[in-house]
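Chain nomenclature is as follows: A, B, C, D, E and F, assigned in order of appearance, with residue numbering initiated at 1 for each chain independently.
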Amino acid sequence: MKILVVNPNTTASMTNKIARAARAVARPDTEIVAATSQAGPASIQGFLDVATCVPGLLEEVARHKDVDAIVIACFDDTGLDAVRTLVSVPVLGIGEAAYHAASMIANKFSVITTLSRSVPGLENNLMRYGLAQKCARVRATDIPVLKLEEGDPATLSKIRSEISASIAQDNTEAIVLGCAGMADLMAQLSAEFGLPVIDGVAAGVTFAEALVNNRLGTSKIGAYSRS
Amino acid sequence: MKILVVNPNTTASMTNKIARAARAVARPDTEIVAATSQAGPASIQGFLDVATCVPGLLEEVARHKDVDAIVIACFDDTGLDAVRTLVSVPVLGIGEAAYHAASMIANKFSVITTLSRSVPGLENNLMRYGLAQKCARVRATDIPVLKLEEGDPATLSKIRSEISASIAQDNTEAIVLGCAGMADLMAQLSAEFGLPVIDGVAAGVTFAEALVNNRLGTSKIGAYSRS
Amino acid sequence: MKILVVNPNTTASMTNKIARAARAVARPDTEIVAATSQAGPASIQGFLDVATCVPGLLEEVARHKDVDAIVIACFDDTGLDAVRTLVSVPVLGIGEAAYHAASMIANKFSVITTLSRSVPGLENNLMRYGLAQKCARVRATDIPVLKLEEGDPATLSKIRSEISASIAQDNTEAIVLGCAGMADLMAQLSAEFGLPVIDGVAAGVTFAEALVNNRLGTSKIGAYSRS
Amino acid sequence: MKILVVNPNTTASMTNKIARAARAVARPDTEIVAATSQAGPASIQGFLDVATCVPGLLEEVARHKDVDAIVIACFDDTGLDAVRTLVSVPVLGIGEAAYHAASMIANKFSVITTLSRSVPGLENNLMRYGLAQKCARVRATDIPVLKLEEGDPATLSKIRSEISASIAQDNTEAIVLGCAGMADLMAQLSAEFGLPVIDGVAAGVTFAEALVNNRLGTSKIGAYSRS
Amino acid sequence: MKILVVNPNTTASMTNKIARAARAVARPDTEIVAATSQAGPASIQGFLDVATCVPGLLEEVARHKDVDAIVIACFDDTGLDAVRTLVSVPVLGIGEAAYHAASMIANKFSVITTLSRSVPGLENNLMRYGLAQKCARVRATDIPVLKLEEGDPATLSKIRSEISASIAQDNTEAIVLGCAGMADLMAQLSAEFGLPVIDGVAAGVTFAEALVNNRLGTSKIGAYSRS
Amino acid sequence: MKILVVNPNTTASMTNKIARAARAVARPDTEIVAATSQAGPASIQGFLDVATCVPGLLEEVARHKDVDAIVIACFDDTGLDAVRTLVSVPVLGIGEAAYHAASMIANKFSVITTLSRSVPGLENNLMRYGLAQKCARVRATDIPVLKLEEGDPATLSKIRSEISASIAQDNTEAIVLGCAGMADLMAQLSAEFGLPVIDGVAAGVTFAEALVNNRLGTSKIGAYSRS
């Protein structure tokens, strides 16, 4: 099968990291088509970016019509409802996928994300999906998204310190890494802290494979119908 | 990988049907180990059966120590928390898996189950998982579980009539078949009614594959720890 | 004061109707600046239109920098969070304003909107604002938005019949007209059915005046900050 | 128009402060009729005062039959449902008005009130109005209501310290001043802390004007009917 | 022990019926002190009566200082918080007691009350107590409270028809009789419909005995403190 | 009347303590039949014990057919739904009973329990009963259940320190002792901390008496029916 993994920001280096994370978990016979939005913000931080990235995302989706499933590789799940309305194949946001995965393996999870101003949007998504009650807390590291690309050791250290705080204060049982740019840290942090650490890109790709294997697509009656 | 699909009732013909549904969606390199509980009720209908099937289920789980994931093939997700405490691999109930799948492809879903007295247990599970707000309604057909094994045409007709009612009255966008014994009806009903029809066995097996591919297991700190 | 009332669809005749409704309730010293989006869908029906109308809306907002408050004249409250992030003045969606008004004068209200596929978006907004528990039901008339512009008597008849059903079945105490295109029906229907009928344009303009008189603007720390 | 602003406690100096706050935001053609309850507690602190102030409040309301709207100037929104049942004009509590205003300009707000034993009543109101999810926390300063009248600098210092704590700990984006006796502090604290500070008297008066301009009154079918 | 059962309306014949219901379940060594409010409405129907009956209720409570527990014998639980603030002994409303009893013996219950305009107040109470999720529906018979005193056969017939509807439509498992004036119908209706029928007076008296036997009184720190 | 108080773990010394607590509050004419499960875990700590104790519990219940009510003396309310399905008399869990009692005498309560891994199960129960919103927090002392039997002074000191923390941090108004093994501490801690301290065994026995006196049994239509 062919899965479109679309980065709704315009930073190609993030797309590369996302593509690696996607291919690392995909089945041998799954083709990952990684696409970068051609227009819109360089990173998605806060409600304005969440809205303005959508046209570029929709264009990218329209450009790849022959795919079996779509993963929107932004942790804010930008444009999720719009893309679902546009197509009939399954569509997953990586935030959504990560929350579902966390709910299947832990009683409570916490999310470690980038800037504080992204927290309310993630909290809204969790409420919308019904999974807010499974989330102990959404924590911000106050690391800008693109800073994650630079590989600064201080960055990893801030993420580590929020994971520690989450275990001590939130009684969390699993950690969701709340940014596509953190995808490469999953294994290392899980081993270090002794609890599941979930990356949304990997969750999104494997759940997309699962839905395709179930021969399930986006429902076209009701919310996502076009007529 | 090896996935244990365990039927927590003692009816082997249901296990066969479940195993067929599981193998139909599993990857070629996934081995499905189908097991039938050796002690407990012949079918699981209501809170008493839900409780009394657990020891047999736990024994069956303990008998298969080398598996990579476990699917509990009863729509009530019987013993889910107990099995998660017992093992470190991912564990999914087929009810749980179906609700998550439905939440990924539709804004609202309805569940069509067997007896009325099973409805409260399913509603409790939905509330517990956070997904009650995505469920328009849990509907009973008042068909006993084992009656499904007999292939009576009246049975399918009752399921059909509840699906019709659900589309007309609940504004539902997807149907979850609320019994492992309905696993073989998925494709037919989806084509007939023009909306996704979800079988929990298929959803459970493919999500288990997804979690294993993510290298995620049940969290062993907090709720599911043993010490 | 100067209030920008921006129609996020491109249908100028709807903007005219909206402007009339706005001016009918505005204070004598309030200037209503009515603007029509220059790009995007002709009407907003469902999640795809909700997303694709935002760039045009944001451009229109950016074009009018010297206003004291902004009313987004689409009942889906499209782009509300994005516009709040862009500016410092108060911003109200007409759906949001209508729900708040209804909550102040009735214990329960119902919403009568256009197409069925718009219902989930409105329900999500109500949940997000916290006001879902005050809403008895969101009802669709299945009248397309632009059909409202044609003045067909069958249109009013369908709206009437949903109001009757809502009083009889939902124990509703007030009606919210769920489309900017229904703004001219408020007085007539209220007199006819003997209960408050709320138009979001009027509610939005008068609440915007209220917030400005309170010297309150959109908070720029947290969710709507830009840095 | 004529708006009755009724102080349901018997302390006339508080009524004066309330009247000043009301007139400071009211339109030039709005007449503010400020009334003080003639019987009942001198201040409203806790559930017993909330109940015993109602007869005096209702008498005061009955004494002013020719008003266009009523604002109950106690942050506990005492007697709100009873007054709504008594009259047909719009009725707003100042707590209610402040929560609605805060919800329109911020994603999350906190309330700073007087005594700890008033907190549960305010939390109940927030739950009842649906707006509890928008409220990060209700904080007590443990300043008695009448102490606010004395202009003690220690009083303002305690309010300041709770606002600071709220910004640091609750991620709040706006502050609601939870007592009619704090009405004069709004502008000063907003400038000092750089976020919106909301006074319920001002919010109540301007929203009352808005509802009257919308020609909306309290619904007289259902909860607030008298027959 | 001595339990004050106070009827907060002024209709002595209702107090007699309430006293009979209380004595029928009380232990031999429990003295039931039945009191009728000396001022206020003759029956409690809607929010205005709920508020105006409180002063008379509080006077009656103050008149009986040597009791071990208090039962407020109005299904709206009028003045419950105020009475709890006034005293240190346990205080129960009969609505509250009935909802708790129903929650202990059934998964879902329905309430059959008098007038439609009482329904919102009962729904608010259920939400406040947390028990709304156990209540399938609050149904009105549209029989005025005092009509119940007349023994009209049409009255019983309306109650019967709502119970039937509740079983058929709400999947209810127990019925709560939502008015002190229905106390004498409990046994008859339970036998007739084959499900538990709960009278709040009986529930209130026996739960009051239970709390006294546990040596539990109303907490005097927090919400119900007086200082 | 005769009340079966059944300890679902196999530790007879705990049954003795439970029986003493039960008899201390029971009416003179109530016979307490204290039973110890003959098979299953020695203490119930976490989800695995909660499930595996049920068969022994059900056998004990079946062995005592002539009782008027049943109290399940484990704070996790193990097997509650199953026992309700098995019998027609009232059945109460001691956790459930304690939460209901606390809700009747305080606006908010906290629970002090044994191990951290028991917390999620108690939180799930509170959500299921609807009473989560009345519970400020479930706190663990990290004392194993059987350690409570040893009378170590350090044990009481840990409980005391959690009560202090709960008053200071949770604004709690009453304490629920979250383990049958704490039943003997109720009076002492209540006097010491000046707030109600609730023991579930005492609450369960007295509420069972109350339900029997109301002639109420478990509903046998719907969730707890057997056919």
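Just so we're on the same page, a residue touches a chain if its C-beta (ideal position, glycine included) is under 8 Å from a C-beta of that chain, and two chains touch if they have at least 3 such contacts.
Since the structure is predicted, the reported quantities are computational estimates derived from the model, not experimental observations.
Enquirer: Moving step by step between touching chains, how few steps can get you from subunit B to subunit F?
Expert: Contact-graph shortest path, subunit B to subunit F, evaluates to 1.
Enquirer: Could you tell me which chains make contact with subunit C and subunit D both?
Expert: A, E
Enquirer: Let me check something: if the centre of a chain is the mean of its CA atoms, which chain is farthest from subunit A?
Expert: E
Enquirer: Tell me, please, which chain's centre (mean of its C-alpha atoms) is farthest from the centre of subunit D?
Expert: B
Enquirer: Can you check whether subunit A and subunit B touch via the same residue numbers (shared by over half) or via different ones?
Expert: Over half of the interface numbering overlaps between copies: same.
Enquirer: Between subunit A and subunit E, what distance separates the C-alpha centroids? Give it in angstrom.
Expert: Each chain's C-alpha centroid was found; their separation is 51 Å.
Enquirer: Please work out the Cα centroid separation of subunit A and subunit D, and write it as a whole number of Å.
Expert: Distance between chain centres: 42 Å.
Enquirer: Rounded to a whole Å, what is the gap between the Cα centroids of subunit D and subunit E?
Expert: Comparing mean C-alpha positions, subunit E is 32 Å from subunit D.
Enquirer: Could you state the distance in Å from the CA-based centre of subunit E to that of subunit F?
Expert: A distance of 27 Å separates the two centres.
Enquirer: Pull out every residue in subunit C that's touching 2 or more other chains.
Expert: Where subunit C meets two or more other chains at a single residue, that happens at 107-108, 116, 119-120, 127, 133, 171, 222-224.
Enquirer: Graph of touching chains, which shape: line, ring, star, complete, other?
Expert: Its topology fits none of the listed shapes; call it other.
Enquirer: Which two-chain combinations touch?
Expert: In this structure, the chains touch in these pairs: A-B, A-C, A-D, A-F, B-C, B-E, B-F, C-D, C-E, D-E, D-F, E-F.
Enquirer: For subunit F, which residues count as touching subunit D in their complex?
Expert: 107-108, 133, 171
Enquirer: Can you check the complex and tell me which residues of subunit B touch subunit E?
Expert: Going through subunit B, the ones touching subunit E are 116, 119-120, 127.
Enquirer: Across the complex, what residues on subunit F touch subunit E?
Expert: Touch residues, subunit F against subunit E: 25, 27, 90, 92, 96, 100-101, 103-108, 129-134, 167, 171-174, 187, 190, 194-196, 198-199, 202-203, 206-207, 209-211, 213-224.
Enquirer: Can you name the residues of subunit F that touch subunit B in the complex?
Expert: 46-48, 50-52, 54-55, 58, 79, 81-82, 84-86, 116-117, 119-121, 124, 127-128, 222-226
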